[in-house]
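What follows is a set of notes on a single structure, which appears directly below.
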Amino acid sequence: MRAGAAWTRLMVAVVVVPMLVTLVVATSVSFSTGPFSGGVTFDWMSLGLELLAPTLLRSFLVGVGVAAANLLIGGLLAWWVARTAAWPARLVGYLANLPLAVPGIAISVALIGTYAQLRPSGLLLVAGHVVFTLPFTLAALVPVLAADGLVECDQVARSLGASPLRRLVTVTLPWCRVAVLQAAATAYALSYGEFNISFFVNAPAAPTAPFALFEAYATRRIELASAMSIWFIVSLLPVLGALAALRGRLAERSS
Amino acid sequence: MTPRPRATGAAVSTPRWAWLAAVPGAAFLLAFAVYPIGVLVQNSLGLGRTGLHEQPGSTSAYYRAVLSSETVRSSALTSIGVCVTAVLITVVLAVPLVLHAAARSAAGHDTARLDALFTLPVALPGTIIGFFAIVLIGNTGLLGLWFAPLRGVSYTVPGLVAAYVYFSLPRVVGPLRGAAEALDPAVPEAARSLGAGRVRVLATITLPLLTPAVVAATGTALAIALGGYGTIAVLSQGVRLLPLEVVDQLSAAGFNVATASATGVVLAVLACAFLLLGRALSALLTRRIAR
Amino acid sequence: MTASQGLSIAGLTVRYGATDAVRDVSLHVPAGSVLALVGPSGCGKTTILRAVAGLVDVAAGEIRIEGRDVTRVPAARRNVGLVPQSYAMFPHMSVAANVAYGLRARRTPAGVRERRVAEVLELVHLTGYAQRRPAALSGGQRQRVALARALAVDPALLLLDEPLSALDPQLRGDLRRNLAANLAAAGCTTVIVTHDQQEALALGTTIAVVREGRVVQAGTPAELWNAPADEFVADFLGSGRMLPARRDGDVVTLLGGRWTLPAALLDTSRTRDGDRVLIRRDSLVPAGPAAPGGVTALVRHVEFAGSHTRLRLDLDGTELDLDHPGVLSPAPVLTLAPRPGGIVLL
């Protein structure tokens, strides 16, 4: 057990150190001769935020849109898959998992080769993100919707005379509340950091945050690029924190 | 991760109009997943859109050109080499981690924060991970400043392996954490009570029972690493990997839709092959255990 | 039988976090005999077993197996055979490999190992099953493989955690008799943990009743049945009830005077001047109004249990179970009298 604890601590360091070093670079006046050479400054951080802010907003809006589309399209699909025992449900399941098997960059080439006209409006970007996040939504919602407990509650409600809409609102949705939130948060987080599929389909005039970062890595000073990276990670933290909290609640529920 | 539809005996009377709920989802998948991939294959065969310097018409010339191209071959081999090494290293790093976490969890401790730390970085784009490599072992990287041999390593194969290890870690720890938790703790305990030391229990009980999950996770992580463009895009100064070839055809070398599609299909087939191999091997191993 | 053989536990205390799961438990199991640890869920009996096996850390106390102090010795070196509640078969190994596991760990030479495996499989009547996988076995068969696996290493102590609880109730009777036969044939010092009092009474040479981490009473089944130390033991083992009593010469008064019995009807073998009586399920019989030592009771509930009828009576506020052989026609009130020697004075 002690060896396990030491190893875990080592791995935590491995995960955290690159982020810490990035923070150090982002707050150094100049990194060329070493950390904090020239002193500590927050100039890079404020300049980085200024440059990144509009793209962060765009990523946020796209993320929200993708999450909403996932809940709507994916929610309905998940409900159908959960209630159908026939082969079409399995087929749809496999189809939905296609984007997990096919590399994102290949999907990007496929999308731009098919719907180039949808690119400037940003619609193609949202569609690409939804394709990528749909399997995660299904994976989160189908088990919960297929649970025996929910079916039984639904049947009891029906025997008590509740209409389908009432059952949906008062039985089904509360039951899946945690899973729905988890699916939405996951879709948002994955869309926020999505780069591969977006590469050829994002609207060139209005890039999202990962592209601003990519451009910064190619053209900007390392200190500024680090600052922008830090802001990107920081902007992701609230959703990731919510996801972690939700996972805890889901685990509690099923134990 | 294929969602499994209901297979239990509980009588579920689905209303007749239930299939309507599947329509938006199915339509969306057909329009934006199935059809574009079909078009991708079509383009790669020269039957669809072609680039400025490409002749339209059904032909396997694009595939032949791609598969015989020296750059593509070398990129593909390097990709496989880098990714296989990286994922294997990741597995070696991850297994003790997940076993320890499962033991802590079984003893009643809360592992939520550790689990979050190791699995949430999956939301980070590959580009940031490439940047982490630059910051640590790039030309002016921190580790490079302290140890001269580590300067500029991020653009070499070892550096790429390190970057892809970081990239694959959340994608391996995630599934393995669940698998380690699913192992019945009474089994290794029984082995210990029979007189087996810790090493023997690990080698004869724990690891063999974890192997199917490890094989499946390896296949999936390999597929994702092979297809990852972001990381190598940032670190593309030195060694070239296969995803770069796909992108180059559409951006650098002119709008060669057909060639890019062919390269994309090759990449996709490679990734799928590893994914399916991992799943098949894993299923085989599971059947052998539960026979 | 010297005290240095078998199992000795002295002052055992085990802590889970801030609570004491086991408090100052002391027990002795003579070599070759079977101790049944019985008690309600969560009372700490499994914790005691796991502490003896070496799977949980001990906060205080001493454990001696065949005279050897094993309190600080790791589980692998204690030479105990553990049969867990879920049997914990190694799913990726055949029955023979499962049984041979402990012998392999001790680096027993192949020839000796194979002979021993065959021997033990024969003991549990599973000789033809050597190459099967655990997944292909029934619950009862898996239990026997787990037992064989534990016995193969010829342990100094055999530990069974709820050996029959995972099996179908209708099979339990037969399997219990099989288990008793196997244990007798093996002749190993054994500790069995169970929450089923019938199992404890049937399998144990001695029984220890555990409650909230402490041993409330330990002794032979007959001792615990006839002379329980307190209400908890009386109730747990035989749904018996203790009532305060006062003896004045030839008359014993219960329930504050409402019930008087001639002392001659009592079992006074334990003591002649006790202050409590034990009333068990078989202590009373329905009687006429003039019967000596009679008392009226309200009948709260009647349950048909096959060979007998179980009644729940209300005796002036105290609830009591009564088993009557055969069928009894229900009536709201019943007059009862003690069977001669049915009520024990303690």
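Labels for the chains are A, B and C, by order of writing; each one numbers its residues from 1.
Definition applied: a contact is a pair of C-beta atoms (placed from the backbone, for glycine too) under 8 Å apart; a residue touches a chain by one contact, two chains touch by 3 or more.
All of these numbers come straight from a predicted model, not from anything done at the bench.
**Q** What is the graph distance from chain A to chain C, where chains are linked when they touch?
**A** 2
**Q** What's the chain with its C-alpha centre farthest out from chain A?
**A** It is C.
**Q** Does B-C or A-B have more contacting C-beta pairs?
**A** Taking the two pairs in turn, the one with more contacts turns out to be A-B.
**Q** Round to the nearest whole Å and give the separation of the Cα centres of chain B and chain C.
**A** Their C-alpha centroids are separated by 54 Å.
**Q** Roughly how far is chain A from chain B, going centre to centre by Cα mean, in whole Å?
**A** Here the centre of chain B sits 17 Å away from the centre of chain A.
**Q** Under the stated contact criterion, what part of chain A meets chain B in this complex?
**A** Listed in rising order, the residues of chain A that touch chain B are 1, 3-5, 7-8, 11-12, 14-19, 21-22, 24-25, 31-35, 72-74, 76-86, 88-90, 92-107, 109-115, 127-128, 130-131, 134-135, 138-139, 142-143, 146, 148, 151-152, 164, 189-190, 192-196, 199-200, 210, 213-214, 217-218, 222, 225-226, 229, 232-233, 236, 239-240, 243-244, 247-248, 251.
**Q** How about chain B: which of its residues touch chain C in the complex?
**A** 108, 184, 186-187, 189-197, 200, 204-205, 208-209, 288-291
**Q** Could you list, by residue number, the parts of chain C that touch chain B in their complex?
**A** Of all residues in chain C, those touching chain B are 17, 53-55, 74-82, 84-86, 88-92, 101-102, 105-106, 133, 135-136, 146, 149-150, 153, 159.
**Q** Quick check on the complex: what are the chain B residues that touch chain A?
**A** These residues of chain B touch chain A: 1-8, 10, 12, 14-15, 18-19, 21-22, 24-26, 28-29, 32-37, 39-40, 43, 48-49, 93, 96-97, 99-101, 103, 112-118, 120-128, 130-132, 134-136, 138, 140, 142, 145, 166, 169, 220, 223-224, 226-230, 233-234, 243, 246-247, 250, 257, 260-261, 264-265, 267-268, 271-272, 275.
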